[in-house]
Amino acid sequence: MKTVLIAGFNGSMGQQAVKLVNSMEGFAITAGLAHHLPDSDPTSYGLPASTQLFTSLNEIPAGIADIWLDFTVPTAVYANVKYALTHGYRPVVGTTGLTDDQEVELKKLTQDNHLGGLIASNFGMSAVLLMKFAQEAAKYFPDVEIIEMHHEDKKDAPSGTALNTAKLISKNRPAHQTAPDETESLAGSRGGDYEGIKLHAVRLPGYVAHEQVLFGGAGEALTIRQDSFDRKSFMSGVKVALEQVHTLDQLVVGLEQIL
Amino acid sequence: MKTVLIAGFNGSMGQQAVKLVNSMEGFAITAGLAHHLPDSDPTSYGLPASTQLFTSLNEIPAGIADIWLDFTVPTAVYANVKYALTHGYRPVVGTTGLTDDQEVELKKLTQDNHLGGLIASNFGMSAVLLMKFAQEAAKYFPDVEIIEMHHEDKKDAPSGTALNTAKLISKNRPAHQTAPDETESLAGSRGGDYEGIKLHAVRLPGYVAHEQVLFGGAGEALTIRQDSFDRKSFMSGVKVALEQVHTLDQLVVGLEQIL
Amino acid sequence: MKTVLIAGFNGSMGQQAVKLVNSMEGFAITAGLAHHLPDSDPTSYGLPASTQLFTSLNEIPAGIADIWLDFTVPTAVYANVKYALTHGYRPVVGTTGLTDDQEVELKKLTQDNHLGGLIASNFGMSAVLLMKFAQEAAKYFPDVEIIEMHHEDKKDAPSGTALNTAKLISKNRPAHQTAPDETESLAGSRGGDYEGIKLHAVRLPGYVAHEQVLFGGAGEALTIRQDSFDRKSFMSGVKVALEQVHTLDQLVVGLEQIL
Amino acid sequence: MKTVLIAGFNGSMGQQAVKLVNSMEGFAITAGLAHHLPDSDPTSYGLPASTQLFTSLNEIPAGIADIWLDFTVPTAVYANVKYALTHGYRPVVGTTGLTDDQEVELKKLTQDNHLGGLIASNFGMSAVLLMKFAQEAAKYFPDVEIIEMHHEDKKDAPSGTALNTAKLISKNRPAHQTAPDETESLAGSRGGDYEGIKLHAVRLPGYVAHEQVLFGGAGEALTIRQDSFDRKSFMSGVKVALEQVHTLDQLVVGLEQIL
């Protein structure tokens, strides 16, 4: 039996994580961390009655769980993961907000403590597999563009996942420039550019969160598309992470790296 | 029997037009116009043996055909259509290059001569129907974006058909701005802008000529897509134009206006 | 000001209709009909305080509204619409369950009473426009197939909307058979057949309700796709129906017939 | 320098292979085999002038090439590959028609001769990557359907590549049945069935050869699509095979197995 502490169990992602771990054979929630605890009864949060609840790191006794599952907030995540790694937990982290420097430091800490862990900005399996496959396909299809579509309330473009996809592709494809001498009669028509990879962002009501990677080669095309219709899709990837975190011997960034 | 003069019958589009008219019941090619005529035998161009061939406008006798089908060059089209309208022909024109002023003048000439005719920049039925449907859908879905995909040798962006689609939509939708306060972390990600309609152009090897119009509304989306795999697709629209030009009482611009 | 009676105002569709009519300028809800009324206060259902509520047809006084908006149940809809037409209401009906005979009778009743009305099985504008456009495109592209995708809990195939699309196309296309002498190495691969139109039904978790109509012609393809992500999409079509029902001089079946 | 014998160099695939190998740095065509040789000048087939041409297996001297590239016919392929393996060539085979028994025998022969080789029914990289990715994704998304689209002259359904994709997925996914208790109001709507995986085949003019694999999970979907617009797309995969065949220590079936 693997035991799990859920940090941020009372947030919206945390509550879905509670349901997930409860449903997984061979896993048990033994502890929960939350800064505010209006109700001290674990069952009122869907947790097993025996779950121990804490409101700060220094209350937590040693050895209470194997895995530290973190869905907290950007201001808390660095201290949480550092605590986890220095107290023998294997972290699975869905909270964003770590700086590059903090990631480097936490990776070192993982090595020093002979542990493994996973940090992922996206646990949706369709998005994660899209990134993995796109990275692989780029070896054979260096000509590639990305189109992402989101609801009209998303104010920044392109999406973090689309930009991340471009970065992964860029690492893996031969140096390449498609159609370098083109002209735009409407500025921006050819999209944003990340090291020669064009990104296009669509914003329309009705849409939720969708991404397409388009590859073209002589006489053929390959397209990988993912659609996120609902937040609950994130939990399929958390399940995979929980099942595999014990096999890792470093702090991996990106679920697509371990599939 | 409707009789047809084909101007530019020896070009690549003209040759396809020859095959098309030969195959249409109730239509016959009676004359051909081409500036250079290396061979004076009509059958060497696939034309009926009785076809009369000419190399300049002033050689053509009166009343030789009902319809003037023009697939020539931008420098010849204005003089050709003017000649046709003042000599009793109904023009069907696939040649580009008319200025806005020339179009206005030719429209007036059509009225003065109690004729009808059609000028179209695109005779591909899938593209023409896409434009027609997009124009209609915009009444109900003011939120819309356009994505076009072409082979990597197309140097200008967006495509003429995509821009034309945006113009048609713009005429038909209520004044509207989607997501006005967004920001781009990569310049150009949100595409080119035509009166609030975003256009995105993809350029990849393998692709031929494709266009998508994406509409979004509360809880739903509508997408219209056309794919042109081969130039022969243009002839389906020429057939429709030839069949309908006798019903027109003005010079119509755009095949989508008469479907 | 147009006045509206909502039959079935307390159901899930009815409640959305209440919100819609409240938000429409020039329209006011004056009456509501529901068989069970646990609460007699109109405001507890989101209705204006002045709304008169009834639990049976014979309680309703004459002239209480112009439009009868019906989101009730299959067993009630026939009696409701008959009552509406014989008491001067113009019906807008989203309830299913009328037989063909009942439709014929109600159409006659509409004529006899010099009224107009609309019955629609689908008020989602993307689905309705897809049907309208597909019907038009079939005139030019007789080769067509339909693919619909739904969540895995939908037990019947194909969907009613897909079958309805095939019927509308069938009326409008020339008699036609694509690929008549094909063979299947797996039975069913070529889909279901409605008068030569192939229908394919996909059932997968994650999907909501989606339909594509694929047209093919020489060297080109046209695809019309609609995605319903959420039930709230239905209200956009109800709005169009309420705005146009006063212009109708018959009982129209299908919102796509009046766009 | 790797040397190549091309069997079937005068066929349509063979001629494309000639162009490909001529363009590859580090590779040279040294021999060609064809049953009929109307012209004995290698350059008339695009081959280097020094290429030795043969019309039967027993004319070929020992050691004339490293790689046997076979684009011949079903009746010749077995004898050819057997000859190649017993004479020190590494075979790269694009010819179809080997029986399962013949494949087993040739695999054994490859081991006995300490060679490696590759047999592939499809060398289009987009199709091959689609199969590879679909196989991987099935581990995480057991709910999956396949839609393939081909021109209307393809008489069998589903396509060999689609069926092959289903077989690869079937090997890799947990035992699974989507929507087992559904009903069809039109027989065949739910497609063909391969071990619980539904396959749908579309046949329309305009289309060339296209395949989509649709995965669905809670709240999300993943789609992999490939489009073959032109036969020349096959050569990208032959290039990969030629570059990698020296690293293989067995006879691999399916290019997707070595990517």
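Each chain carries a letter (A, B, C and D) given by its place in the written order, and its residues are counted from 1.
Simple rule for what comes next: a residue touches a chain if its C-beta (ideal position, glycine included) is under 8 Å from a C-beta of that chain, and two chains touch if they have at least 3 such contacts.
Everything numeric in this text was worked out from a predicted model, so none of it was measured.
Asks: Report back the single chain whose CA centre is most distant from the CA centre of chain D.
Replies: It is C whose centre lies farthest from that of chain D.
Asks: Using mean CA coordinates as chain centres, what's the chain C-chain D distance in Å?
Replies: 48
Asks: Report, in whole Å, the distance between the mean C-alpha point of chain A and the mean C-alpha point of chain D.
Replies: Taking the mean C-alpha position of each chain, the two centres sit 36 Å apart.
Asks: Counting in whole Å, what is the centre-to-centre distance of chain A and chain C, each centre being its mean C-alpha position?
Replies: 41
Asks: Show the residues in chain A shared as contacts by 2 or more other chains, in ascending order.
Replies: Expected reply: 206-207, 215, 217-221, 227, 229, 233.
Asks: Determine the shape of the graph in which chains are vertices and touching pairs are edges (line, ring, star, complete, other).
Replies: Looks like everything touches everything, fully connected.
Asks: In their complex, what parts of chain C are in touch with chain D?
Replies: These residues of chain C touch chain D: 143-145, 147, 149, 152-158, 163, 178-179, 181-194, 198-207, 214-221.
Asks: Okay, in this complex, where on chain A does chain D touch?
Replies: Residues 124-127, 129-130, 133, 136-137, 140-141, 215, 217-233, 235-236, 240, 259 of chain A touch chain D in their complex.
Asks: With touch defined as at the start, can you tell me which chain B residues reach chain D in the complex?
Replies: It comes out as residues 206-208, 227, 229, 233.
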